[in-house]
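The structure that follows is given in the form of structure tokens.
In this document, chain identifiers A, B and C correspond to the written order of the chains, with residue numbering beginning at 1 in each.
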């Protein structure tokens, strides 16, 4: 993966994704061993719009590997945009650093950046462009499922809320479909159902099934994973529909009583009120772990694309994973 | 102190404060020994309002201990506030870092943060919330008095200017009262006298005395320490009063002629005109040293709450302090 | 150079400039050896106006030497300016860090800063004040010429575009004149000719010559170096003049066919359209290399003024340079 830009998850093979998941596991349990993996490396975080959560995760990942960070975050970028193309900014920064994480409001910006950086052999990681798609969020989701179940297949995975506009769930479903053997339960109001192209993707996937339902309470008992998303008011035609439907898609301790004792609750964050704060102390709540797992996956990805080997990883993998 | 949040100085015992003062002394003279104390640690500076001076001090402290820093500073926080509670932001960041320094315009914000972070075992240091109280400023003041006199008790300490609204002086007085044996000289116009509750605190303190006076020049000769504060125009009913009183509370070389040769002049900074720039080169000027001492105290505090031992400190303490 | 502030290039002797050029060469080829040169040091980037490119270069330079960085960048500075003088801010920051890089919109700000920092023995590097003059841009230019030709003298150097207002070219010409033996070709419309004082400087320089021409295509074949600058629309009296002249000063592959095969194209960046993007892949394009060379020169300068020796440099210099 050395020098490889990751604009979408299609830039990674399934075996590369599996390897990243293993690396994240290794990193979690071998903090000291990996603390100097990227000594002397520099990451640039070029955030053309603010996304503090994502930026801090990318930055912490590089710092915990021993590397350094430079960059800008929204408010500081005036001099960058001063008549300069994304390509020129990226070519400039490619002459300073070893890897770039970029966030941009326009779809396609990450691809333009990846091409410009390629001239100088520098990999670009898409930290979200347009529609807030970003591959490392999905990697965080996969790592969280793995940390809870030891696998990402053979599970019943519920996706709940706004399934029409939530890019996060589309990306997760598509990636799980590459592995196959997942039972999807799609929980949403009629107004916010999963788009046809994602359903078609599930149909083509090996050993995958799906059900579409309106009610969370009725299916929560079947789920291994419940992926919650925000239902935004502005998606509805009128306030009445919103108020009527909203509570159906709020997870609280009452609904959680109906769930399996080891179900994992995921959410890409930030939440507004779709998960009640009384759920936070339930051991099934995995959404803050997801933040931690996102950082681990970014450590795995950043070290991989700059070409730095995690000390001791290959030996560990041979013993733990292949044994 | 491992894992301990510091929202106010009441969160620290007097012996913990004394230990931090010793640690600051040790750090000052053992830069090389402590340079890797916090290797691999990450501090988050969550500044919901800008306070560059304070932020840079917290950050430099962690960096000089070998740790790393992530964060945001006012202008960058739009995505954080986007419908997310302080508690959720802190829970998220607690899954990335080892210690949080938070600045927030609302009183009580640091306490909310400390409680949220506690779920993940992460300490929060209050870098100011509402009324700009922040415990590490008082620690900087104490360290500066210590560096000049080798002690914080048995001294005559003058506090001059706006004693009504200046939280910095209230916090300093209250903390000194915990140690006792201080002679306070409270110098202010009638409009800006020390509040009753602080006076009551002095009365209850062991071996503490106080005098209230209007004129700096008349008492400056008695002082070991002169703590200057800014007299803000908007505190007065009319411009005439302000202009009449202002000069009384400006420290210049002329007034300094009346002071003891080893008196120490402190100021929390930034100053406007209450200390004349010609005082800067006087050896009694200690207000820029205060910046340096603030950084040393933050190094002491940050390393303590993350649970990292300063190499060689215990041995030094046994020899130097207890001998 | 220990503790030396660099406000203009006149603060450096020609032999110090030559030494910095050698250091940059050494750093380029000895990354690992120099990676811990500034361990434990802290650079403050005080940017009172945004200049992302310059800031990132100063920061990366210190990080690649093993040091740390704190600072602010335009948007974050509200609390700094809150009634505080530049001198006080610099005195404060001087009590936290080892070296300061400052950018300020007002001419003379860097000199004020250098004087304030001197009280604490801290060097200030001017990263641009007023008119966007900054000595490290010229150092980047010199390093780029050196990396292409192994020398900065005995060359025919063309400067093209806006020669009236472009401080970058004035600074480069004046510095080259200190070394002498350069043949300048000044290419500009009549409206934007080189100012009289720069021409006079060339006339006084040892073995320097110059020609003034209007047309790039007619002289490009003679040049060893072509330094392009932006021709800003607002410099012209009317749109017609601008449109008529503009194309004359745009470098594209067609014009480049007329140039020597080893000519180097420089540009201080950002470019708008004065260099066509099809030139980027031509081996003569040196303007992104310039970014890299700027970082190397800042590494050389930062390590020099804080007084840290590049491990192995002296031995290398004795063998490589003096041999």
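Note that a residue touches a chain if its C-beta (ideal position, glycine included) is under 8 Å from a C-beta of that chain, and two chains touch if they have at least 3 such contacts.
None of the values given here were measured: they were computed from a predicted structure.
Name the shape of the chain contact graph, picking from line, ring, star, complete and other.
complete
Superimpose the Cα trace of chain B on the Cα trace of chain C, which carries the same sequence, then give the rotation angle to the nearest 5°.
Superposing chain B on chain C takes a rotation of 120 degrees, nearest 5.
Averaged over CA atoms, how far is the centre of chain A from the centre of chain C? Could you give it in whole Å?
That pair's centroid distance is 41 Å.
Give me the residue numbers in chain C that touch at least two other chains, ranges are fine.
Answer for chain C, listing residues that touch two or more other chains: 75-76.
Would you mind writing out the residues of chain C in touch with chain B in their complex?
39-40, 42, 44, 68, 70-72, 75-80, 82-84, 87-88, 91-97, 119-120
Spell out the part of chain A that touches chain B in their complex, as residue ranges.
That would be residues 31-32, 35, 49-53, 56-57, 59-60, 63-64, 69, 73-76, 269-272, 277, 280-281, 288-289, 291-292, 295 of chain A.
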